[in-house]
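These notes are about the structure you will find just below.
Labels run A, B, C, D and E following the written order; every chain starts at residue 1.
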Amino acid sequence: MNTFLLLIFPLAGFLIAALFSAFSKKGLVVGKTFAFLGFSAIVLVAIMAKSEIGSIIYGPMMFGWQLQFGLTAISWYFALMISGISWLTVVFSLGALREGGTYPMYYAWLFAKNLGMLGVILSQDILAFFIMWEFMSWTTYFLLQQGTKKARSTAMGYLIYAIIASMILFAGIIFLHQASGSFGFSEIASTVAGFDMRTLILAAVLLLAPMLIESAAYPLHRWMAPAYSSAETGITAFLSAISTRIGLYGVAIFLFTVLGFTAMKKLSAGHYFNLQVVIMTIGAFTMVVPTFTALFQHDAKKLMAWHSVGQGGYMLVGLATATSLGVAGGLFHIFTYLTYVTLILFCIAAVEYRTGTTNLNSLGGLIKKQPIAYVGLLFGIIGLAGIPPMNGFVSKWLIYRSLILGGHPFLALAAFIGTLGTILSVYKLIHNIFLGQLPERYNDVKEVGFFMQLPIWILMLVVLGTGVFPGLILGWVAKIQVSLGVEPLAVTLSGVQASAGQLNMNVVSSVFGATMLVAFIIFLIGGRRRIVGQYNNYAAGHFLDKTVKYNFNYNFYSAYEHIFGKRFLNPPVKRGEEGLVALVERASDFARRIYTGGLNTYLAYSLGAVILMVVILKGAI
Amino acid sequence: MEKTITQRSAWDKVLTKLQKRSLWMLHYCTGCGAVELPPTMTARFDMERFGIMPMVTPRQADILLITGYLSVKTLKRVVLIYEQMQSPKYVVGFGSCTINGGMYWNSYATIKSLDQYIPVEFYLAGCMPRPEAIIEGFTELIDRIGEGKANSWEDYYKNYEFYRKNQEHVFGTIDTRTDIPDDAKYFKIGEVEK
Amino acid sequence: MIADNYLAHTADPRVRKPEAATGSPRIEEEIIKAIQDATGNESFSLKAPRRIEGPVDSDRLHTLASLIWSRVGFQHLSAISCVDWLAEDEFELVYHFWSYRDFCLVSAKTRIPRETASMPTVSDLWQPALFFERDIHEMFGVVFEGNPDLEKYILSDWDGPPPMRKDFITREFAHDHFHFRDYEPDWDELVKGGYHSNRGEGGTDV
Amino acid sequence: MVSPILFIVVPLAAAFLTVLVNRNAGARILALLTGFALSALAWFWFRADLSTPVSVVIAGIAPPMGIQLSMDRLSAALALLISVSGFLVILYSQSYLKSEEAQSKHYAVLLLLMAASFGILLTRDLFNLFVFYEILCISSYILVASEETKASFEASLKYLLLGSVGSLFMLVAIGLAYRVSGSLAMSDIAQALGEADLSYVMLTAALFVLGMGIEAAIFPVNTWLPDAHSTAPSSISAVLSGFVIELALIVLLRISMTVFSSVNLMLPLRYMALAGILIGELAAFGQTELKRTLAYSSMGQVGLMLFALTLGTEAGRQAGMAHLVMHTGAKSILFLIAGYFIVRTGKRDIKSYSGLGRRMPLTGVFFVIGALSLVGVPPLFGFFTKFKILSAAAVSGATGAWLGIAVILLGTVLEASYLFRVVRTLYSDPETGNTRAVKGRMEMDVPALIAVFGFTLLVIFGSFLLPLIPSGLAL
Amino acid sequence: MNSVIGLVVWIVFYPLIAFTVGVFLGGYGRKFTARVQRRVGPSWIQPFFDVIKLMRKRTNISHGYMHDISLMMLVSGTMLSLYFIPVPGFHYFSQFGDFVVIIYLLLIPSLGMALGVGETANPNGSIGISRALQMLFGYEVPFVLTFIGMAMLNGTTSMYELVQIQQSGGIATWGIVTHPLLGIAALFALQGMMNEKPFEVIIAPHEIATGPMTEMGGKYMGMMFIQHLINLFVELTIYANLFLGGAKNWFELLFKLFVLFTLILSVNSVFGRFRTDDAMRFMWKIPLPLAAIGVVGIMLGIG
């Protein structure tokens, strides 16, 4: 019953919110309360749906096939995350949406996006999967193009990629339906097992390529950063947290249930070259390239958008290792990433709400004015960089061990380069916004309201809580591994009991607490200290005052500009993309020119057609 | 709490004995005395044997070297640097220019005696003292610190009005962003333990 | 003179060398004559090898300067110096022009009354003149009309009279402005440890 | 049992009557009545059990010479489609045509066109087919030119010349066929051509197919379509794109399947279809004017239908027919709305419609539904038809089937991008000068709204009509 | 493993031991550099005096609570990584966290310092930090690659097991003997890790006034000194454990530390200072390829 409600509530919410916003311009408050209640209901239903894992409910009949929806372990995991994050986004938007704000369709599209995503993870056969997938990509387009004028063109960019993805998936479904005669996952899996090498590659490409486009893997990632960074900040948090991870859900489902392990291993041309290596190299590039591009960004949201591309690489590599450590790492990384990226983007939104800008070159010193946003961002970046005691560390530790012990040294190195790049760019983020001298114009900035602070507090608790006690989530990840057919991970409340070395986060955190206490005692030994203003600063004997812009924000990593600045600001993929668009334009120009000829050319065409027809017929016999 | 010289606790005595072995110099090289420092620091005289090391920023320095005449404009910067240093801090006046004006005794622009404006720990006579004199001066400073007698810096907190008046007489008011009387109360400097 | 031995063996083609043997000051006479026909001022005379000097009255100076600059080729104004003739109650401004081609210095001297000391600026011809005039204004109090910025230059906090004027007694100013230490045989003992004999309590405070 | 001849007679009579009445109000009402009558008639035939084709001979003359009409399930379905969309277009043009110019002439020619289309559909002998074909072409030349702008004259001239070339080809083909079979009835000709030697049959088939192909806008010979459809008044372009091309396509295929069955025409037509999709979509991608884009898109869609119908399997034909119905509905929505965009803003290029979606909310929603269905977004009819076409192609295993699937998907991507460029300008860009000038809601007039709503109903609930659509192309 | 009381004693005194070893290492370092410059050089435990003087400063200024907290993070981060490094007689904690944990724990001090210095709102500090982080990226990548090579060869990422394996066959099974390429690459990286010249651009006194430490006075500078001294011990022990086969008793460990430190000091006292991007290019042109060849060697089995 709950799974059915899980689809009906968002649908009802979408329709009511759409009607509501179409006809009543004022009354944002009523809209907000309705949205809040709607999403709280969805969260409750998602939690209660745990009891119905495994049951199937039947949807409408289509092409002689009854659509099947139901909950499995992994889809309940995703359902919780989707509903949780959208609830937090709505709570945040209660504070963030100003009264005069013109976002009438904001909540409607949020409900629709939820419907799309929940539909995708609930669908148990490939036709339902495709229909919900198509619906999801359209709602993402409409959600993205809210906000500024630039958002409209970047959302168009997303739409083109999404349509290409769904067309490839469409071809995939047609091919599998024709081969296996039905749409159900189990039947398709059995026929796929019987495929020879060539058709297996075709099936893998047709199924996995759209998932990689949606989860912005390396060569197909161009759409994500501009689209997510120009959307309205609350939506950027929501999208970069969960929207691209539905692509990874697809990868997990297709890799493990539809294609199955053996297919992945069998698909190898040489000793080294097989599907697993291909996906892992894509993952490696996705980890490294975006993190370097993020270093040179001057806008906070664009920097975070590039990171969501980068972190997707970790999840992809984790899933592709197909070892118990790796898959657990990948799945857990989806959860941990979701928590701290939303935390970071909410804090950036809090800053944008007060200062009106996310340009890293013009901000600074806001720690004195928005301490809570600072602490939230601090927790977030420690998590994103994967430093203990936050949860980001545990998932990265799992992925590292699986890569090192799995015999992929250079992948482990790529993962580590990604982490270091993240540390550098997140430090630039927190330094340029919160540290350094406070510019004069932000003197009267205040902390954000209750509704915007509540999600930040909750997420801080979650990031630290699941960091110190990773077992809370890892326990369910182990259950997912069982359902996916991967050997589950030996998990305790405090960490991992794996055979080749153990991780106990309780010990690490408690020792960290103890050493912090010792450091605090050393600090007290040293005599009293006095907090001074920002102008009481060493400036080689110069008297500092507000006329001196005494900040180092612009071009923070200048050394890297020299070494590889150019290579990442106009990368090969961007040039490739522009080349493709130019090719299409030239082809359409050629096609148009056919129809601009005079009458004589048209007559020539007709005669030519007749002769051609006869020749073909003669040849055809 | 800093008691009068006689009643310091045994623990204080031991620590100041250790503390004296490390002194960091801020090279505020005005005037012509700075050229005497490289020879004192390098191979022949090697000031580092006494734990004296050149440091760049006032926050970390203990010794402020005034190595020559101070024009009024430079005095403003010196006062700012002095107030940015962490006490206990010691000002060392190099050469006769800081003692009583030296050869610029009748100039309208240079100050004549340094200790009117910032408390000076000791002077080194000479129209630029040679390295031997510098080392002799510093070793004596180290002994004084060891005995806990080198507390000229408290004088700045205790008699701040005297110094402030002289400074304003010379270059008017400046805002060094540190409130000395308030610091004195906050750090309880100069209050004799009841 | 240094200039001569430099000229003797310089390879620079632009510099006209004195006649090899005689070493007679023909170049300088040539220049004096050129100045005379260019500016109609006959009172320029040779003071030393390659050093020409001559008085000019203050209002004709600007025209003379521009003529020397354009016609005779003295592009470089190397300095303006001011001499305080207290007795005659006059300032004397000396403008030093230099020619790279002839390697010769022309100094035009002019006298202006001490009280109403004002002079038209030459900064429109030479930009460095801005600073020479600003310095003289600060140190002597001469006002240069037409000079855009005559604020304080080196003595940024100075509110006293222009210090370089002869009627300004520096020793007197120093004595009343700064504190002098009178002689004490064991003065260094007194200073050590920050103990000041003359602090407040009855010390000979200035 | 009402005889099928009425389908032809009623519109002809109405046409002459409207000319006689010669007053706008009268002409409008008369045309509306005939449209309604025809729909009722078609609904009656559609309901009748037509398992065996009902054939009627007119005026007692024996088949070889007399006019023989036959009504089977396919013709009934198409007749219903033609009459309903004709009725809706007439309803739309009540408010669309400018009131001052003579409307009676316009309606008369429109009714004539409908009569001719019924004629082509029902006739069973080649010569009658040629006569109705001629009437159809001429009436569409006139209708295309009815806007009396320089561009429309030039377009209709081009259409006229090409149409006449096409009818010339058909005439020669019919001549050749008559020489060998001695009779004009399709069944005799089919039987006679069976024995004739192959190259002879091939020539006649090629000539006939391409003759009819020009009207059916198959790839190499559809050069007249972009100019004709974009300069014609929107109601007429809706009619032309709506059912005239499709009708010609179905008739062409029916004849090539039955009369020239000995020659395998399917393969060349299929490759022409694929080329049509690719060229049509690519050309549409580069357009800046809305109606021209829709015209090129029709070419692409015709190619898609042709590809489905020439797959050679029963499922293929079923899918082709379903897509034909969907295309009539969706393309008519887009063309009719485009007409009103031009009326409201006076401009033809897409950029000047920015912000119009918010000023005409209902029309905007209809436009989006039409576009979504054309692209094939799940809940709408377009998705079902495209799915059936692709699965039919996959199952058929005909040569070039998988190439076709790839081309269709690429075409859909192009189509989605240029249609959504229009939607984006409609909805999100700030309003430009000409839209802001008009105050208040700039909604379409009521009759036009009802007409477009009719087509939207077809597009939304089309999936329930799937089982009813026949596919038998037999004679 | 001795009893619980022994464990508690170790837990309490281990940082103190590390600190004193660090002091001697620091003193030895300054003495060594002095002697290279033919100077007498300060006393052997000069860092100890410096720390005492800094901690006894009467007036300290801070720029905010984050400045204080991040200094605590700095010191506790290094102490934390201390506990997870196995040393003769004490390796209880290394079972709870392997070398990947240690790498991440080493990042806590740099992040702590970065946040603290950022809070002091001094651009010299920010420039210093940006250089420090760029250098961190430079030397950390080759170092980690060498670790990955060693871990992959021995099939374990726990440092204690790596030490056991290296000690099993005496000198012949030392990391640097079995994998010279990895050892040398790690040595280059160690030079950068310890911020010794030529990789000392972070605290370039003349350009950016001791970079990050510009605003650190009194006890803040004292805590940074404490962290620096413990860090000397930590980084040298890590290298010793990874490539010099750890140590069975403390004398062997101290001997190895001082020999290693002498090697680094000798490089430090004769080299100038690289610019940041030159240092980065050096780190990725010489040690990284070396380590890569080493790892490829391992993968192909000849390693």
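Just so we're on the same page, a residue touches a chain if its C-beta (ideal position, glycine included) is under 8 Å from a C-beta of that chain, and two chains touch if they have at least 3 such contacts.
What you see is a predicted model; the values in this text were computed from it and never measured.
Participant: Along touching chains only, what is the step distance from subunit A to subunit E?
Facilitator: The fewest steps needed to get from subunit A to subunit E is 1.
Participant: Report the chain whose mean Cα position is at the greatest distance from that of subunit C.
Facilitator: Measuring from the centre of subunit C, the most distant chain centre belongs to D.
Participant: In terms of Cα-based centroids, which chain occupies the most central position?
Facilitator: A
Participant: Have a look and report which chain pair racks up the highest count of C-beta pairs in contact.
Facilitator: Maximum number of inter-chain contact pairs occurs for A-E.
Participant: Could you grab the centroid distance between subunit C and subunit D? Build each centroid from C-alpha atoms only and quote it in angstrom.
Facilitator: About 100 Å separates the centre of subunit C from that of subunit D.
Participant: What whole-number Å value describes the gap between the mean CA coordinates of subunit A and subunit C?
Facilitator: Averaging C-alpha atoms per chain gives centres 73 Å apart.
Participant: Can you compute the centre-to-centre distance for subunit D and subunit E, using the mean CA position of each chain? Integer Å is fine.
Facilitator: 80
Participant: Give me the residue numbers in subunit A that touch at least two other chains, ranges are fine.
Facilitator: Within subunit A, residues 528, 530, 532, 536, 538 contact more than one other chain.
Participant: Give the residues of subunit D touching no fewer than two other chains, as numbers and ranges.
Facilitator: None at all.
Participant: What are the residue numbers in subunit E that touch two or more other chains?
Facilitator: 56-61, 209, 214-215, 218, in rising order.
Participant: Mind giving me all the chain pairs that touch?
Facilitator: Touching chain pairs, listed by label, are A-B, A-D, A-E, B-C, B-E.
Participant: Quick check on the complex: what are the subunit E residues that touch subunit A?
Facilitator: 15, 54-66, 68, 71-77, 79-80, 83, 93, 95-98, 100-101, 104-105, 107-108, 111, 114-115, 118-124, 126-127, 129-131, 133-134, 136-137, 140-141, 144-145, 148-149, 151-152, 155-158, 161, 209, 214-215, 218-220, 222-223, 226, 275-277, 280-281, 292, 295, 298-299
Participant: Okay, in this complex, where on subunit D does subunit A touch?
Facilitator: So the residues of subunit D touching subunit A come out as 158, 161-162, 165-166, 169, 198-199, 202-203, 205-207, 209-210, 213-214, 220-221, 223-224, 226-227, 263-265, 267-268, 271-272, 278-280, 282-287, 361, 377-379, 383-384, 387-388, 390-391, 394-395, 405-406, 409-410, 412-414, 416-417, 420-421, 424, 428-430.
Participant: Considering the complex alone, what residue numbers of subunit B touch subunit C?
Facilitator: 72-73, 99-101, 105-109, 111-113, 115-116, 119-123, 125, 144, 149-155, 159, 162, 166, 169-172
Participant: How about subunit A: which of its residues touch subunit D in the complex?
Facilitator: That would be residues 22, 62-63, 130-131, 134-135, 138, 145, 149, 152, 156, 159-160, 163-164, 167-168, 170-171, 174-175, 177-178, 584-585, 587-592, 594-595, 597, 599, 601-603, 605-606, 608-610, 612-614, 616-618, 620-621 of subunit A.
Participant: Using the touch definition from the top, list the residues of subunit A that touch subunit E in their complex.
Facilitator: Interface residues on the subunit A side: 365, 367-368, 374, 378, 382, 385-388, 393, 397, 400-401, 404-405, 407, 409-410, 412-413, 416-417, 420-421, 423-424, 427-428, 430-431, 434-438, 495, 500-504, 507-508, 511-512, 515-516, 518-520, 522-523, 525-532, 534, 536-540, 550-552, 556-560, 562-563.
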